[in-house]
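Provided herewith is a single structure, encoded as structure tokens, for subsequent inquiry.
Note that the chains take the letters A, B and C in the order they are written out, and that residue 1 is the start of every chain.
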Amino acid sequence: MQKYAKILESVRTASPLIHQITNYVTVNDCANITLCIGASPVMSHAPEDVIDMTKIASALVLNIGTLDSKQIEGMLVAGSVAADRNIPIILDPVGAGATPYRTKTAQQLIEELPITVIKGNAGEIGTLAGTTATVRGVDSGGVAGDRKTIVRDLAARLGCVVIMSGEEDLISNGSRVAGVRNGVPLMGRLSGTGCMASAVTGAFAAVAPDTMDGCIAAMVSLGIAGEAAAKVAAGPGSFKPAFLDAVAALTPEQVAGHAKVTEY
Amino acid sequence: MQKYAKILESVRTASPLIHQITNYVTVNDCANITLCIGASPVMSHAPEDVIDMTKIASALVLNIGTLDSKQIEGMLVAGSVAADRNIPIILDPVGAGATPYRTKTAQQLIEELPITVIKGNAGEIGTLAGTTATVRGVDSGGVAGDRKTIVRDLAARLGCVVIMSGEEDLISNGSRVAGVRNGVPLMGRLSGTGCMASAVTGAFAAVAPDTMDGCIAAMVSLGIAGEAAAKVAAGPGSFKPAFLDAVAALTPEQVAGHAKVTEY
Amino acid sequence: MQKYAKILESVRTASPLIHQITNYVTVNDCANITLCIGASPVMSHAPEDVIDMTKIASALVLNIGTLDSKQIEGMLVAGSVAADRNIPIILDPVGAGATPYRTKTAQQLIEELPITVIKGNAGEIGTLAGTTATVRGVDSGGVAGDRKTIVRDLAARLGCVVIMSGEEDLISNGSRVAGVRNGVPLMGRLSGTGCMASAVTGAFAAVAPDTMDGCIAAMVSLGIAGEAAAKVAAGPGSFKPAFLDAVAALTPEQVAGHAKVTEY
């Protein structure tokens, strides 16, 4: 698991600038966790601003949690700059499957941009895979079929890495399929842990020699930090500051020693 | 007080989806408290998205804390779907009385939509009641006249439940008037406790057999959680995580045992 | 240092209403710190609302952290009302120097409005001063030349107070130059401490007999609160609630006793 520890070290050393066009619900948490993991966050959505901001960024994170037409315009403009510069684009298709607008927007972003990583819950990933899946608001209502097959086939079809979060996070680049079993249930009781994972995935994808390894390292790192935070938290409220503290204090040694990764 | 405890149990069992069109200042707190009380939050404001989101929601919360024309458009569209589906609509008229734009928007929402519950501070409710009232920014500057009469008359005139928050929260459906004396002063020193109360009122109104009882149960539940949180908080900053923890840990037994409700 | 302690007392006594048009990343922190220092925050950006809101405010804070064309329109409208009413206007030029849109917008606000205080990091202030400076996202990448000269010359040229934040905060009104050495490194590891400082500067500028003294008092107060919070925080996550607690608990005696101000 030294491989994943090294990617965390690279994040800390390079401190990549992560440009995030994201929702207004969890944006503060995304900024703070980006700082805590060792990267540098910048949020900007105006079409007039995103071209120049993406030009100096090392990864672009697109999160459709509270989308509207102006924001989508900003995402497409920023995404085309990211594509030209060949920096990773992370898509978090929040609520895809819950409403047609979200599903269509996620699909549009996938069609028009060379997305590098798609990270969502089972319902969102299942929706994009065309499987029977349900999403209730922004929560997964489940997915039909074998999850490993779904992520691998979607990744192969789109030529990107797919992360399906859950009790076991599943990650695939279309050939490899890996599972990550780090993390605690408290992470599901706090708003924004999914969004935070996408932000951190951006930081890891920005520096990782292999994108799939970077995604695994991101999920492992947050899961281990969550495990540490759960030991000091009294509930979902105190879990948030404890989680940010644990992410900031996370060492490569912890990652190497506690990673629970299975290659299938 | 078993009646109120049972409504909390119903929230936990049903986990209703609460669609919130709200301000960007306290939206994260609203999402987290909705989760902590046992319901499921979703935030969405784009007119293209809100129709489908409201179709799967169990209550709609409209909060005008940082309103603009696009958001009002989304509120009216979502509200008409909520009306068709007969799900509760909660209005938090943040800052009504402080500026004409806020007062007029609150009045427009009340005229065009079958609002189920209006929850505001004394100045906001007084403004909507047409009494002499002052609002300074988003803080109540007080109201002239008997508060119980104001809430009862406004509720009777509009055919809805009115909650006037304060040291004693007053709740009326036009015939009954009840007072809730749970809560602590620290709740007034944190931004967003009023908005959080509206979010939680949405969750309780979604499942309560009687809306007024649901509103009382919501105010009692948050007040008791606030009392518990104040015991471990060192100030307004640490009160927030402690409050969320206390809401998540709140039991029906606590509600039944500590509710301070007076029917007038 | 009694002078600075007295300004804190005035904030607590007057509880000025601080109208903030700011970014959606740190807006909740800005609202809470405004409350904790003893003032009253209100956030509003719609051109339809800001005229009336600025009419009842005691200071206006403009923060371009997540700007767009609609928000700039609101800033200009609010700023012209603030100018007519002669209340302080604080500008936080977040990211000026990182993108042309941010630099141009900051310059436009400075040209069209009688800005009272500009508060930014070294890169942002250097950019506005026309010095060689770099900004990476929203983080300072440094500035060439003598910092004291840069802040004094910019303040003299624009006829306002300039605050350049850093390990030593430098403050000038064009003739006096002062340095504040309060604060801790943890403040730089949390998103939003800069924005919070601008909000609090608005509160102090609203009541201070002399604007430069008000700015010094604001930086001293937050620095001392940060020092206190660092003693109980386990990392950047727990630092935030501890910082808000410390700001709320801050006494004039602490300010008088711990201020580290140098007049150059």
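The rule is short, and it goes like this: contacts are C-beta pairs under 8 Å (C-beta built on N, C-alpha and C of every residue); 3 or more make two chains touch, one makes a residue touch a chain.
Small disclaimer: the values here were computed from a predicted structure and weren't measured.
S.K.: Tell me, which chains sit next to both chain A and chain B?
M.R.: Touching chain A as well as chain B, we find C.
S.K.: I want to confirm something about chain A and chain C. Since they are copies of the same sequence, is their interface symmetric in residue numbering (over half shared, so same) or not (under half, so different)?
M.R.: The interface is built from different residue numbers on each side, given that under half of them are used by both copies.
S.K.: Measuring centre to centre with CA averages, how many angstrom lie between chain A and chain C?
M.R.: Each chain's C-alpha centroid was found; their separation is 33 Å.
S.K.: Could you tell me which residues belong to chain C and also touch two or more other chains?
M.R.: 24, 28, 240-241
S.K.: Could you please specify the touching residues of chain C with respect to chain A in the complex?
M.R.: It is residues 23-26, 28-29, 65-69, 95, 98-102, 136-139, 189-192, 234-238, 240-241 of chain C that touch chain A.
S.K.: Could you list, by residue number, the parts of chain B that touch chain A in their complex?
M.R.: Touching chain A: residues 17, 19, 24, 27-28, 31-32, 35-36, 40-46, 48-49, 52-53, 56-57, 70, 240-249 of chain B.
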